[in-house]
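Presented below are the structures under discussion, each in the form of structure tokens.
Across the two complexes that follow, subunit A remains constant while its partner is subunit B and subsequently subunit C.
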Partner chain A sequence: MVISWLRRLPPTLIIGMMILAFYLTVAITARYWAPYTHNKIGVGIPFSKPSNDHYFGTDQLGRDVFSRVVLGADDVLILAISSTLVATVIGGLVGLLSGLVGGWFDQLLMRAFDALIGIPFLVLALLIIAAAGSELSGDTRLLIMVVAVVYAPRTARIARAVAIDLVTRDFVTVARARGESVFSIVWRELTPNAIGALLVEFGVRAGYAPIFIGSLSFLGFGVRPPTPEWGLMIAENRAAIFVVPMVVFAPAGALAGLVIGLNLFTDGLARWIGRSQGAASG
Partner chain B sequence: MIIRLILSRMVLAVLTLLAVSVFIFWTAEILPGDIAARVLGREATEESKQAFRDRLRLDRPLHERYWLWLKGAVQGDFGVSLVDQSQERQVADSIKPRLKNTAILGVYAFALYVPVTIFLASISALYRDRLPDGVISLVNLVGLAMPEFVIGTVLIYGFAVKWSLLPVLSQIQRAETLKEILNSTTLPAVTLTIVMSVYSIRLLRDSLIEVLESEYIRMAILKGLPRYRVILFHALPNAAAPALNTMALNLAYLIGGVVVVEQVFAFQGLGSLLVQSVFVRDAPTIEAVALLVSTVYIAANLFADVMSIVLNPRLRTG
Partner chain C sequence: MNPLLEVENLTVDFWNQNRWVNVVSHVSFKVMPGEAMGLVGESGCGKTTTAYTLLGYRRPNSRIDKNAEVCFDGQNILKLPGSALRRIRGKRIALVPQNPTTTLSPGMRVGRQINEVLAAHGVSGGERQERVLDLLAHVRLPDPLKTAQKYPHQLSGGQQQRVIIAMALACRPDLLVLDEPTTGLDVTTQAQILELLMHLRQEQGMAMVYVTHDLSVVATICDRVGVMYAGELVEEAPTGELFRNPRHPYTRGLIASVPSVRVPRQRRRILLRGYLQRDQLPPGCRFAPRCLFAHESCFSDKQNLVTAAENHQVACWRWSEVPQLATEIVEELPQPEIVSAPKGAPLLQVDDLNCAYEYHRASLFANPVAKLVVRDVSFDIRPSETFALVGESGSGKSTIARTIAGLLRPPSGKVTFDDQAIAGKVGARTQDLRRDIQLVLQNPDASLNPRQPVLQIIGRPLEIFFHLRGKELRNRVEQLLDDVRLDKTYVRRYPGELSGGERQRVAIARALAANPKLMLCDEILSALDVSVQASILELLRALQAERQIAYLFISHDLAVVRSLAHRVGVLYLGELCEYGQVEEVYSPPFHPYTHMLLSAVPEVNTESRLVPTVRSDAAEGTGSRKTACPFANRCPWKVGKICEDVPPPLQQVSETHALHCHIPLEELRQRETWSKSTLQTAKS
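This part shows the complex of A and B:
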């Protein structure tokens, strides 16, 4: 029965789930089987080539790159998912509220979001990081906030469009007639109906978040060393690409695989939601 | 009607730009700490600090400073850089050469991107679901998952390290002849091209396939026209509308994307200037670059918007 149910799922969803399950397993279990810790220096000669002792070679401080890549999985996953989640929840709720309330409130909010969207996202991220000051630089909370400020306006636009479509429906009119507050309508009437669209939006954003956070780390504004974040590792090891290409390609491959998995998963999810909605209405 | 629609988009873009300028000024000015003490150092006397504050108008209220800043910015005067006080370096002077370099890079990347996208999408659509299409789709998926800094690093590894065709680091600031300019811009431009084309190839392929299945294309093929003519003159113009919109949006992406790519190749452009000034917290330079980049970004988005209005035949009446 499970097999036949699985067979009806879009193939991209299944492949995506398999890739994500692999990454999750590594993220959760790596600390038990990784050969070295992420910041143990001098476990091998710096920049030694891949061998049986060091599958992906060692970096400039003689740290084991294989251990650092697998131990970095949980940081990368947690950062990407928590920041996208914060952005989706805030952006989603604000967008739904804005679409429901309408009027000048809606207009004002949307123009403010237009302004935030009117700044290229990396430039916006750098502005926030500059404003936060050097004490907060590299702080996880700051990174989550940066991603949230960049993503939330875009999510809010989607949520608002969904809300504007929903507010003309009878169940919203009825809820209004019952005298429910706007917050209660947003939470109990709109959110359940918008969850599919928001889920897909979450997936699309989460699929890009590792690249985004990795880019910030690469520029030197992401997580602090010696965190084994893949973007930071690529930046640190880049000079060694002449000597041991693997120390760069390993974190790059890990990052690319995760993004591919997230994208396939989201693509499949969108198809699956579209299909089950089509089946329900048709 | 269409003129009014375009005009209203333009007004909206200007309003957005104004809001953006407020936001940029506000974030750059709330940089924590006493700027005077930080820039002049601990040994500075109270008088010199006060003189510094006077010169930067730090004692005036925020909205007044914003107005003066905006007035200067419109005239190309972005004030004095906070770094290296002895030199009194105008922000505009440090931006100008960078702006030129970034513009060269952007134009080069875009000039590569459009033909590459059209060519690969046409191949993909012509050989639909066969080997060339499969290979292009697979490369696309991988490209989609690669951040700019990984693509750039891989290109450096291939072209600069393995085959020594091009320099590892870009030396655009010293480039004089066309050959030197090409030498120092090609790898960054190719990186940007790859990032931009992965989305658009997919999109153009899908809309080409749709058009290729229509009656008039079958008619053209039955007439005995060669395949390339059918694609170039019959199918592409009709498949181009959605792709043109993405191309214009990619122009907007390009402006933000240069930040990372310039850093990868140590390219002396606006993006690397922004990163440097964030590191040293040089507020006037941050403000100037962010405003400049956002202006171009909003203009590119407006251009994409207007293109999709003009290309939509349903809006073309009246």
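This part shows the complex of A and C:
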């Protein structure tokens, strides 16, 4: 039964799910089987090559890179998913509301979002981190907020485009004639119809979020050492890229694998939702 | 004479959700050169699939049975290779599809689109331009040279359909396949297109296969009719014979379901039960589950076409008994009740209402001026009365309903409900008022949220207006479903799992949930099959009797209006040109516009071929109106300059009936020809 159901899913969705399941398992169980802790220094000679003791070699402080990569998975996953979730919920609701209300409210909001989108990703993020002050630097909550502020306007645009199409439908007209409040219309009438598009948007953004957080960490504005964040690890070890390539490639590969998995998963999800919608209406 | 087209054993299946679904089953018919054959049936009966197969078109994911043959002029179309097929398509067999707006390429001038057809069939360049203009003139488009340079969106729906007909006629085909060519057009435009088709057929002697759900159109234009049900041909006969002596119970039901514009309010004799459910077809007669006369054996025995009379074939073993059985059933039904308009104080009163969507400013600081869509309309509706607004598209009917519903703020005019002047916008109205006025819209596919189950759709007004929750709410929803004759189990379903008629019932139930005093029904029947229409009409009548609801019934279908309304207002370009009790409006003297509308309606029961007195389609009169009488430019009885300069006076015919026209009532009475044209009008 389960098998036949799985068979009907798009292959990209299944492969994506398998990759994500792998990452999730690692994130949850790594603490029980990782050979060393993430901050134990001098377990080997600094920058030693991969060996049976240290699968991915050791970094500049002689920490075990393999342990750091697997132990970092949970942080990366939590950061990426929670920040994107905040961005999607806020951006989605604001976008739907903007599309429904229309008029000058919509224009004002959208132009403000255009201005935010106009600022490059990293510049905007650095501006916010700078404004937050140094005592908050490296705080997880600040990072989540930064990603949310950067992503929310983009999600809002997508949600608004969906809403603009939906508000001309008669069921919204009927709800208006019934005297429903705008929030009630957004929640009851628009959200269930926009959820497919928003879900896909969530997946695509969640795939980029680790790269984004990684870049921030690389620049020194993300999570603080000695947290085993993959982007931070790439930054710390980049000097050794020609000596022990593995200490840079291991976290980079982990990051790339996660992004590919998330993208395959959401791409498949989009197809699957589209298909089931088509079946329902046809 | 050899038949031009011979369809033999046509069986088509579609691949749907991992299995083959039969769509057309063993259909056989012949079309003689120059003959017009009609294929009718409800939506989903396979008529369109059959029509497209005649051009050798096969939908992806479909299969045609090996033994099927579609012989056109001696060649089996189904076996022809692509290149040979392309030589025939467009040249010898041409297609006129349903929706003119989506058929024409929006970014190409219409002249070039016709030119393409000619080029594809090897007409030389110099000759082509001439032919295009010739064709445009042939389908009676004004100023062919200019029209050829226009883009599709610059033409009205009727004009677009003419361009498509011109394209189809480009190579003088022997066979024209038409798929619902007039569905979606105004009745006046439809009359013109039908008249054009009849004229062209006479002139060019081509054969036609005309696919439609509209029996009255078939009665008008076809020589022979095939009735299809669930992919099978159930009856086939010459048009006159079929409408005089329908043999199959389905045909009888279909014909009885069509309301007549010539007969006053009446109860339908036999209604078709239920609707076509493809997943629940018995192995025997596919119509058996809906048949009033079905025997046990009907469900198991396959019915084949047998000859009932000369040229008349029917697939029902009880065909000889059916007329007898039918009269027995008629006697069981209660006699039609002719209800006169209720008296009493008006529930809703509309005085000098103006409506507008857009406002324009002459300059930045000038006061905005409304671009009026509806001007100075006044009428009233009494409790448990049905007031109908009729008119072509663009006449402002829906705008009035939207304004009363509070979706549009009127620039001026007064709307009084229950002796209280009501606020323009819905947000400013009281909760009670919002509950008392409910809106039901045309297309149930769009008016129900596809992501909400029926429980939530119907439950929402109960939550807002009566604060019902949980079990109480559910019980009330089930009760409402029962009121609209739907099963209780439907609470869990989503709109996608319901048929069109069921969806409209859910939409009506949602309006009823508020327990309204007035229901605004905006074209609520026009997206539905005739048999479903008839049953929803019955439902509306019953609800009115049970709950004393008043309806504002908006429709372009004059026959439906006659069978339901107490009073009627005729709207043209946003102005009421005639209003009165329903029988007064449907009898002389007529406003010239009312007369034009009535004359354009095709009829099932006549053997006449209509000769419409329609001068131009609706869109030509719209736009910037400069004449005092809005109808002046289209009026066949225009008096003269006075119509353009002086607003027509209101002439009171009786206490309740009045119309705006310069022509004296006596003369209007003499001029009318509609009520005099009876069943004996000469066959052309």
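Here is the rule we use: the second predicted complex is superposed on the first by the 282 of 282 C-alpha atoms of A that agree within 3 Å, B and C clash if a C-alpha of one lies under 4 Å from a C-alpha of the other, contacts with A are read in each partner's own complex, and residues count from 1 in each chain.
Criterion: a contact is a pair of C-beta atoms (placed from the backbone, for glycine too) under 8 Å apart; a residue touches a chain by one contact, two chains touch by 3 or more.
Model, not experiment: these values are computed from the prediction.
Q: Will subunit C clash with subunit B on subunit A after the two structures are superposed, or do they fit?
A: On the superposed model, which is not a single observed complex, subunit B and subunit C fit side by side.
Q: After lining up the shared chain so the two structures overlap, which partner does A:T173 touch, if you call subunit B first and subunit C second: first, second, both or neither?
A: So A:T173 only meets subunit C here.
Q: After lining up the shared chain so the two structures overlap, which partner does A:L219 touch, if you call subunit B first and subunit C second: first, second, both or neither?
A: first
Q: In this superposed model, does subunit C or subunit B come into contact with more residues of subunit A?
A: After superposing on chain A, more of subunit A is contacted by B.
Q: After the fit on chain A, how big is the angle at subunit A between subunit B and subunit C, using C-alpha centres and going to the nearest 10 degrees?
A: For this superposition the angle at subunit A equals 90 degrees.
Q: What's the minimum Cα gap, in whole angstrom, linking subunit B and subunit C in the superposed view?
A: Comparing every C-alpha of subunit B with every C-alpha of subunit C, the smallest gap is 6 Å.
Q: Taking the contacts subunit A makes with subunit B in one complex and with subunit C in the other, which residues are shared?
A: none
Q: Quick check: in the complex, which residue numbers of subunit C touch subunit A?
A: Contacts found on subunit C: 17, 405-407, 426-427, 429, 431, 434, 438-439, 441-443, 446-452, 456, 460-461, 464, 494, 496-497, 510, 514.
Q: Tell me, which parts of subunit B touch subunit A in their complex?
A: Residues 12, 15-17, 19-20, 22-24, 27-28, 30-33, 141-142, 144-150, 153-154, 156-157, 161, 252-253, 255-257, 259-260, 263, 274-275, 278-279, 281, 283, 286, 289-290, 293-294, 297-298, 301 of subunit B touch subunit A in their complex.
Q: Would you tell me which residues of subunit A are touching subunit C in their complex?
A: Listed in rising order, the residues are 169-171, 173-180, 188-189, 192-193, 195, 279-281.
Q: Which subunit A residues qualify as touching subunit B in the complex?
A: My answer: residues 111-112, 114-116, 118-123, 126-131, 133-135, 211, 214-215, 218-221, 231, 234-235, 238, 241-242, 245, 248-249, 252, 255-257, 259-260, 263.
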